[in-house]
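Each of the two complexes below includes chain A, the first together with chain B, the second together with chain C.
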Partner chain A sequence: MNQVLTDKKVTKINQKYPRHTQKVLKGNYAASESAVLCHSTVIPAYPITPQTSIIEELSNRVSVNKFDATFINMDSEHSVFAAAMGAAMTGERVFTATSGQGLFYAHEVLHGIAHFRLPIVICNVGRPSIPWNIWSDQSDSISQRDTGWIQYYGESSQEVLDDIIQAYKISEELNIPVMVVLDAFYQSHTSENIWVPDQELVDKFLPKKKLSGSEIDLNNPKSFGGLVPPDSYGNFNHGYWNDIIKVEDLTNKVGKEFEKHFGRGYGAVEEININKDTKQILVTLSTITSTARGVIKKHPEVGILKIRLFKPFPRKSILKVLSDSNVDKNKCKIITFDKNFLGDSEGALMQELRRALYGENYFIQGVYVGLGGRDVPPSTVENIIETCKTNNDEIIWIDS
Partner chain B sequence: MGQANANFLIQEEKVFSGALSCRGCGWSLLTRHLASLLGENTVYVVPACCFSIIAGPYPLNDLKANVVHTLFAAAPATATGIRAALDRQGKTDTNVVILAGDGGTFDIGFQALSGAASRGENLLYICNNNGAYMNTGIQSSTATPFGAATTTNPGTDFRKTWPKDLMGIIAAHNIPYTATVSLAYLNDFRDKIKKAMDIKGFRLLMIDGPCPPGHKTEPSESIEETRLAVESNLFPLFEVEKGKHKINHFPKNKVKVEECLKLQGRFKHLFKKENKAIVDKIQNMTDFNWKRLKLLEKMNVDLGY
Partner chain C sequence: MIEIRGHARGGQGMVTAFEILAKIFAEIDDYQVQAFPAFGVERTGAPIQAFLRVSREKILNRSNIYFPNLVVVFDETLIAQVPVLNGLKKDGAILLNTNSKIEDIKLKTKNIYTIPATQISLDKGLGTKSLPIVNAAMIGAIIKILDIDINVVANIIADNVPTKPKENSESAILATKNILKSKNITDELKKYLNEDSLDENNLDKDIVFKSNNQILDFPSWNKPMSINKTGNWRVVTPKYEEKPPPCSTNCPAGTDVRLFVKQTSEGKFADAFSTIYKFNPFASTCGRVCPHFCQQSCNRIELDSGLNIGAIERFLGDKGITRKFSKSPISKTEKIAVIGSGPAGLTSALRLRQKGYEVIVFEALPYAGGMMRTGIPSFRLPLNILDKEIEAIEEQGVVIKLNNKVTIKELSNDYDIIISAVGSHKSNKMKIPGEEFATDGINFLREFKLENKNYDINIGDDIAIIGGGNTAVDIARTVLRLGAVPTIYYRRSKNEMPAIPHEVEEAINEGVNIKLLTTPISYNKNSNGKIVITLIDMILGEPDKSGRRRPIKIEDSEKIISVNKVFSAIGQTFDDYVFEGKKVKVEQGKIKFENNKPVFCCGDMAWGGTVTEAIGSGNFTTDEVVAFLKNQNYSSKDNPVNVVLPADINYNYYLPTPRHENPVVEMKSFINNFTEVVKGLTEKEVIEESKRCLHCGECYSCGNCYNYCPDAAIHIDELNRLRIDYDYCKGCGICFEECPCSAISLKMDEVVNESSVN
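So, the complex of A and B:
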């Protein structure tokens, strides 16, 4: 069972985050805690390592009447996402979690959910596919980037908890589903100090789900998902496009609003130590960012660009960081940390960054790192910084 | 000649006119009867099948109720989510009904069907079994009858395996009610719909679906074809209620299977001299299935769940 240590004394930190309780939680429990705080009502579930403890915790809370939700033991991830689709279509706030093979198996339904325009939030605890592996890797979620889902990558488990709350807000405003991604084991099964907001605080920020009017309505019957002929099909894509292009700004707006309520602010990206003298910018997703934060303290010439919103890729925010910091294109290298392998020359982060910086003439280097759960300790980040000082190869495999 | 009155049982029509089915298709007749009994307080869930087209492409809706077109493999799972949501909203009396073909039931949707049945979801599952993937153009499914020719079992490569015993498999899920129904026996069909509606839990009705383009029959022969399937015991009418088997129709004058097969072009190769043994094989299997059914009925158990 989850060990909860509650700090009952009023401490200085308590003044920083009033109306919160400090707990020691593993990443997966932080995700479950957040799903409960968000009043998710339908949880279709299927086990898969390493997300399983997320759904176990939710099932446990339902069984002891501490969580008013319908928990359903489904027969596969394909069925999990199909049930999520049906429940969301009927107006419920749906949550579930999956990993690796589960997400791959649900691929067809992920497209369905996004293009039925259903506001669903899920957690994916990343792991790769074949060769058989259960450890931390982002190939699963990143290979779903074209399904139409918004994707956030949480650096800490505090961020995962906070991301889920913001995700529902954004998802229900745009009717686009959101995937909050966390790293397997390094995050999912590692305990952290986490500030858990009081229920009233969450309720004020995230009110009860408002219906969009497009749900199943017994008094106003409709047909959902009938065959769409060529003369109308593109209209649906265009309507979706009109909303997906709002995600980056909305992420920044909701992140600021979140700060007003909770004291912790978020944006589509975060810049760390980037200025006109920066020689290397490390572009990171998830927990590697924290490791890199420690390493660059000894390297004042190295900065970090953390990507929190991966899909849709936050091009505007990235360009703004680079131009506001007066980064010198001739002296600064941009180095992407790709913890995914998608069968192409570059990893996904490098591809996306190249697309975002097209025509900007930055020197971009791609580093494959931490695949299949290989640890990325500070020494590996040091090694990347040192290697990239002299090595100008387009792609670098750092550990293999 | 007077016009035949097709409305003799239907009190209130719950489908719109203009369904896109082929002439002689079973889907339209079955949904007319089904919808008239279920009423508008119903959500239909439709995986890919002929009915996805018949129900109307965007923005049309053939049924006077909500219709959710879902993914091929996912109808019982989608329906599970809808059921859970409706129940949370207090709409426990709303019918959630799956309308699937045999491919979506016997093959690609089989796991989701087994899952929903095992969970005891409060759903009514209707399988229109026309014995092949008719919507994509007559490819074999695991419901395709022994001896039938399809576009993926053409010519001498006609189907040489027995269709999956889905009724046996679904009954083995210990669900409260499952039954076979035929459009040639409308009163029995309607009684079983009503019975299924009154039972809570997972219920499945298997319909022998006539399909003129797939079975190579004349549209006017659809009802005759399904009648002969029942009278020859190729498609016996029975139900399994709480584990108890009951045969609902005992053919008075036993008809040989060849009478039913002869009507359908998909079996025409069986009537060549060299295939005489195949017809005998089908007759034997049919007799065996009928005997087994009668034995199951004799067991006379009531599990009482």
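So, the complex of A and C:
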């Protein structure tokens, strides 16, 4: 027998999920796996580093008849999203993935998809633009935050897989598209343990897509995309607004429902070690959260607020965490980790948090960290914690 | 938690290896795992890193690994380029893919494991010639270091590799047996698998190697690209290397076929003739009668049809033989006697005469040339052609004494060396009843050609010829020209016929009958003077010593035919008169024969059976004689290695071009027409034909490498030669793949730029 088994310590990770298969998958393959489990029916695609392996895997599965979907090789991301839009209009469940420049190029169509109210789920593997760089960064997805898409940021391969399943549920309920964002390489190309649910489990949670009746129908011709005059235009926005404000609650509700089916629960935000004695709250997006979790084990006075739903920004959930935990506004600093630079003083996370906490009188500090794939080892997180103990600058560039 | 950092070159499979390792640990024992690459400039050969964490706890660190327990280096040249030991913990170790001995490895740690992973992968055929994929062997080595049973994980490796599952798991298993470790190594890394991770703050004293956080090697992006010398990305090195072509290596005479074809294509006919003449003084003859082993092995056969080298040689021979030959002075004291004036004897005599020895050739018959003159009919080899070639040899000082049937003993007093090259002019016997009724075929060919004896063959006679060699075919074609009806009876199938295939085809075209798989068992003569042959049918059995399938008689299949004459042509042997009838074991070179002077043998009596083989035999024996006279040890040349084969040729770069076939003379009637059947090519055709050469193994400056090199690392130097700049060559192997003629080799050894022109 394998020797390791004989001197095995008590396994600390004993969480087992019934009706799941344990695997080791990269974030990108988790995304592909999830798209298949969700019975996506149309995949228009164009490759770009570091997203390529998502669509490669889907293309491969379609080619060997292991995935019943139409895979369309497009000539650019603009076309990819146009095709996605058209396919969604016919009532198909559409999935695609892109990254960086690809997402920038698709910007125009992103608006179209959102305001045509088309339920589409995509993955974006974050990378920046210029200076040219292919590594992990969130400026691509965050600069699309005003296009009308819901955005989730996952921490692990498991979360990517789970988020896509929940995203279809939410997207199809509200007819708003969802972007599930992965960190390049730290998530997209990292092989790690993951529980893949059985197909029946997913099918029960996410039934077949219901048609709304407004799809393209050859027997019932309609016009799409006609010119909307000033007197009607605002009505469309108002209708959209009525639904977008439901996203936060729906995210929490669907996250709880997901837990009932799958055993793993999710919310718009996650609080870690936040209480009345907390001196620092690190506000994080995606994979940096994992490393921060490790670091704060030695810092009982530091907590983490992980933002999973970034757009629309979960104001209610954040306020609830802060008030329920009796955080002392006079002693506690809130520190945002911004892995994006968008041409303003604050990074996007700090902007959003300031907006959310307007009038609440919290001390908010913004830290730029991990831009363009700069590694964020535990020592960097330590450095932030130490620096912010004494340094009260509004904005800190920790790596430079 | 154990943390492993890998250093490799893009394309060696490290990222996949680490993914597979993660799967292995998760699968065998529910470990928490994390494997990811640190992407840099992801191109083949670029230095890359990958990371693997294996833990009993949930892994709460998603950054690169700065303080590894184990550093794994997939390519040893990285040691000089990347600070691989950076941050390695004190009791940590390094695993190095190398063939070097551990004591020869200069590293700042004493904990070293080595594994010859590249060798294992090459042996198992993993990866490409330009980049062996070493990952399976490296997985095996890591598994061994962590003390995990390879047999438990071999199937996980097989399930997760993209191709060749069997070879990959085999190389992993092989690696566990080939891993070596340094003396006094701590060798306890497996314990970290189950231990909690160490607090990085408490690490400092554990670190033996300076950590500068700069383990990734990015090219300089803000300076001219020329400062990024990427030559050190190479795993294998392309190198221009001339390799032997199959035509030259298959020529029994040893002729540099590729060279004379090239010279011909450039119109340098005199040079081309000299190239042939260096090895073969019978270019005109061979151009006509040689089976052209060169042509048979020509790599162009795979594309359209082999080069007509015979026609080129014939043209060069006919043109070249008219030149003036000069006589070398006799500079040596030893006198050499050659018995027999066939191709072997004359070649050997000429070679030795050119080297300054006095050489006398003794010929039993009243004419020189051996079987070329007596055995080959004039419609294949006109006499005047042969005469000119022999005259040229005499012109160079070789003395031929005709009508001199001699024994070795008779010559031994006057000569220092005796070379016997008497050929095979004595017909073999079938040893069947009534053999006296059969006519000796080889005698007929000689007497008909040189003494005009037609053996009373009349128009319309039925003639049977027994045998399947060139003698049989030549007899058939000769009697056909006498108006008779020849039929060849051969005991095996057409494939086994030793005659030159195109001669067989020509014979069939002329009207010769061939009956296969049948052999006579007796001859008799009937009352009206005809010869009665009892034939029996044969079937082919297992291959015999010659590699040909053995004929077996079929019981009760006898049939009887009657013919006017039957020729026996079942092979010849040498006349042992030269040894005074003594039994001697003949072989090429020096033979054991009791005599006061050393005796050598060459030609048909010792080896071969064609003119060209006899010439080669003459060359071989000459070299041995010269070595003997100089008191040197003679060793025959080694078999050539790296001969260019069709698999080495990139046929996409050659256009199919029709072969220039020798015209065959259309004859209204064969009767008494002994003029040459096959004609040569014109000068223009010969040049065009020689331009069909693929240049196997020799650069012909096509420039493909120059055009395709993605790094512009190939340039043309001051002498107009293609040169590889090894400062920038990443070893991608594209030049190797795109070289049409296999003039570039991939080498494992490192190469540096030549210093300028030399």
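By definition in this document, the second predicted complex is superposed on the first by the 385 of 400 C-alpha atoms of A that agree within 3 Å, B and C clash if a C-alpha of one lies under 4 Å from a C-alpha of the other, contacts with A are read in each partner's own complex, and residues count from 1 in each chain.
Note that in this section contacts are C-beta pairs under 8 Å (C-beta built on N, C-alpha and C of every residue); 3 or more make two chains touch, one makes a residue touch a chain.
Treat the numbers as computed from the prediction; the structure is a model and nothing was measured.
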| item | value |
| --- | --- |
| Which superposed partner A:Ala83 touches (first chain B, second chain C, both, neither) | first |
| Partner chain in contact with A:Ser191 - chain B first, chain C second, else both or neither | second |
| Partner chain(s) touched by A:Lys298 [first = chain B, second = chain C, both, neither] | second |
| Contacts of A:Glu108 with chain B and chain C, given as first, second, both or neither | first |
| Partner chain in contact with A:Asp217 - chain B first, chain C second, else both or neither | first |
| Partner chain in contact with A:Gly91 - chain B first, chain C second, else both or neither | first |
| Contact set on chain C toward chain A in their complex | 15, 18-19, 22-23, 26-30, 32-39, 56-64, 66, 146-149, 152, 190, 193-194, 199-201 |
| Contact footprint of chain B on chain A as seen in their complex | 41-42, 44, 70, 72-76, 78-80, 82-92, 94, 108-109, 112, 216-218, 221-229, 232 |
| Residues of chain B defined as touching chain A within the complex | 40-41, 43, 45, 52-53, 55-61, 63-71, 73-74, 76-89, 91, 94, 111-112, 114-116, 118-119 |
| Residue numbers on chain A that touch chain C, as the complex places them | 1-5, 7-9, 11-13, 22-24, 26, 50, 134-135, 185-187, 189-193, 287-288, 290-291, 293-294, 297-298, 375-380, 382 |
